[in-house]
Amino acid sequence: MIALRQILLLLGKDLRIEARTRQALALVLVLGILIVVVLALGLQGGNARGGLSATAILWVAYLFGGAMCFEKTMAVETHDGALAGLLMAPMDRGVIYLSKLLANLVLMATLAIVITPVGVVLFGFDLSRAPLAFASVVGASLIGYAAIGTLFSGLVASSRLSGGLLAVVVFPLSLPLVIASTQLLKGVFEHGNALDASAMGVIVAFDVIFLTVSWIVFELVIEP
Amino acid sequence: MSSSTRKLVIRAYWIVTLLVLAVGVWLSAYYAPIESEMGVIQKVFYFHLPAAFCMFGACFLVFVAGAGYLWQRDQRWDDLADAAAHVAVLLASVVLLTGMLWAKKAWGQWWTWSPRLTFSLILWLLYVVYLILRASIDSAQKRAMVCAVYGVIAFLDVPLVYLSVKLMDDIHPSSVELEPSMLLTLIVWMAGVALLTAGLVAGRFRLARISHKKSHDASGVTGGMA
Amino acid sequence: MRAMLLESSIRLNTHAAAGVTDVCIRAERLGKVIDGRMVLKDLSFEVARGMIVSVLGANGAGKSTLLKLLATLTSPTSGRLELFGRPPDGARSRARIGLVGHETMLYRDLTALENVMLTARLHGVPEARARALTMLDRLGVAERAGDAVRNLSRGTAQRVAIARALVHGPDLLIADEPFTGLDVGSCGVVERVFSEFRARGGTIVMSGHDVEQALRLGEHVLLLMEGRLASSEASHRIEASNLRKRIGGRE
Amino acid sequence: MSAESFVILAYVIGLSILLGDGALVWWRLRRRAGSDHDTTVEDRRRPEA
């Protein structure tokens, strides 16, 4: 499958560039940590101890950190018109979307792996009860968020819009993920019941719908 | 249809709309009985529900216009999306405000995270962001493209918002059985708000068409549209 | 998705294999509207295979838009375009085109070699590394292969960009002001590479501001004024100074 | 504040938002169309005899 090879080629390119510009990635991680710390300080004591608020606050860090990652991976293409170079390659434009999506997912995973422990410690959020549930819910949600973030970062970059706009655009769209995952994890960690199927269904439906639609639409709209 | 008859039709349309709304107001005030459980505040329902329904219709119109633009790249679709989005935000604001007033009287505080209120808040946010997006891109073609994509994605998001909001525990389940007289009031209001919505969308659409025609008459690229 | 399953045809430089017609580009009444403005109006011209055509015109005359159109990065609003005898159909046409744009189109955090190799691999060129090194060497920048593009001078980066555009052995090279910002030495090298490319049957369409260079390098000149084709003549019949006046007159 | 005043307030706010926008659009249309000595788009295509 030529396309798979091309996706991995482009993914390799993106990750190599991210590795070379490590300081920018470190900036995003520190921002995530800062968000969690500031909110934890703000909510000191009170009823902040516990699953629901920790997940909600982690989501704030995921959303902002994620938006910065999406912007960063797409900015690589807009510098010096590199995107036109890619568009001249004899390949389906969907390959660009998928490789960017994977690059964004790698960055989001890094973000989550760094920030989540900070949230867990500061909020005394006892993950050990169901770490797998937490990981699968957050993981599935971040895939949906990256699907939308990758599409709109491409759109925002190709129309040279200000950075803040990407966050404004993707946050409301991602609210179903935030609501479903926080409710789900509240159920699991505060009431101890198993993963609620309908909530997980919302997240999976979100992922499926927006992965396919974004992939198709990206091809229609991406231009140098 | 020459200009004078067209103006007549428009005037007649608005007169009918205002009449229906006036009848609605009268019905709400004097004809509809006071609901036993919720009391007088329930009368806000006759305006709240039709507004929510038409808001949903306007959001769907933005979706259709966006999909139309992506398919045909015709500026008229974009103008329709522009018009529908403005009206959707207006209606969402009405739904939110009436909902909050209802919440304040019925449950004592301006805001409760009841699924219905949360749903209309998120919808309001989604389509206000649409207007922000539209205002921040100056190249007409790029704006139309980006807004079309957002219009499609936002509408696909709506059912997911609804489903996720339903997961939230609803502390104030409020379901009201409608007596025939209440139903009549509701139907009149539905007609009134629907006529009003359609009129606003058509008006804004013509406004967008005319401002297009004016901005680059020389090339006459975007043909006139009845 | 259809293109997704398409095996990218490896364009080796053997013309026999490629079923080449003598006309490389045929444009009929091309028009392009951007934001309601007619950027290109009713352009008709032909470019034979193996020719170098210079596109001249004042800034804003539509040169870059025309080149983007020929590179299939955008599609015309009106009129017909044929590349290699067929309407452009995405990946299959792009496999035979190389583009050098205003910007370098390179990743500044990757090295020159990595950039050229990436394009070679995307086009499915065998021995991508060796091929990339030869191209860089031909452009005289082989010794900078390992340096990140952000550390290269404008001229060197431009030469790397040209190496990238030619690494997959295209039939048609589209170059948007390739000589701008180049020192004399670099110009010599690039001119040599272009004539070598043409000698092997390649076609070049390039825009520029230097009238003498355009007449010297190109056999044919297309003069664009406000999106229209003001003139389309063989270079030897054009007198440099009045051509410069026609372009200058409009500035 | 009594329930009645809440209801009245809700209707007044809601209707003023919607009708207000209608008036705004109508006024802009008149001003835009007006400055065209009142020919609308169709007429330009089929001017009166």
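In order of appearance the chains are A, B, C and D, and numbering begins at 1 in each one.
The rule is simple: a residue touches a chain if its C-beta (ideal position, glycine included) is under 8 Å from a C-beta of that chain, and two chains touch if they have at least 3 such contacts.
Note that the structure is predicted; figures quoted are calculated from it, not measured.
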item: B-D compared against B-C, more contacting pairs; value: B-D
item: Chain nearest the overall C-alpha centroid of the shown protein atoms; value: A
item: Label of the chain whose CA centroid is most distant from the centroid of chain D; value: C
item: Mean-CA-position distance for chain D and chain B (Å); value: 15
item: Centre-of-Cα separation between chain D and chain A, whole angstrom; value: 43
item: Centre-to-centre distance between chain D and chain C (centres being mean Cα positions), rounded to whole Å; value: 53
item: Junction residues of chain C - those touching two or more other chains; value: none
item: Junction residues of chain A - those touching two or more other chains; value: none
item: Sites on chain B at which at least two other chains make contact; value: 139
item: Interchain pairs in contact, sorted by label; value: A-B, A-C, B-C, B-D
item: Contacting residues of chain B [partner chain A, same complex]; value: 70, 122, 125-126, 129, 132-133, 136-137, 139, 142-143, 145-146, 149-150, 152-154, 156-157, 160-161, 163-165, 167-168
item: Chain C-facing residues of chain B, complex; value: 139-141, 212, 215-216, 219, 221-222
item: Residues on chain C engaged by chain B in the complex (per definition of touch); value: 33-38
item: Of chain D, residues touching chain B in the complex; value: 2-4, 6-7, 9-11, 13-15, 17-19, 21-22, 25-26, 28-29, 32-33, 36, 38-45, 48
item: Touch list for chain A against partner chain B, complex; value: 148, 151-152, 155-156, 158-159, 161-162, 165, 168-169, 172-173, 175-177, 179-180, 183-184, 196, 198-199, 201-202, 205-206, 209-210, 213-214, 217, 220-221
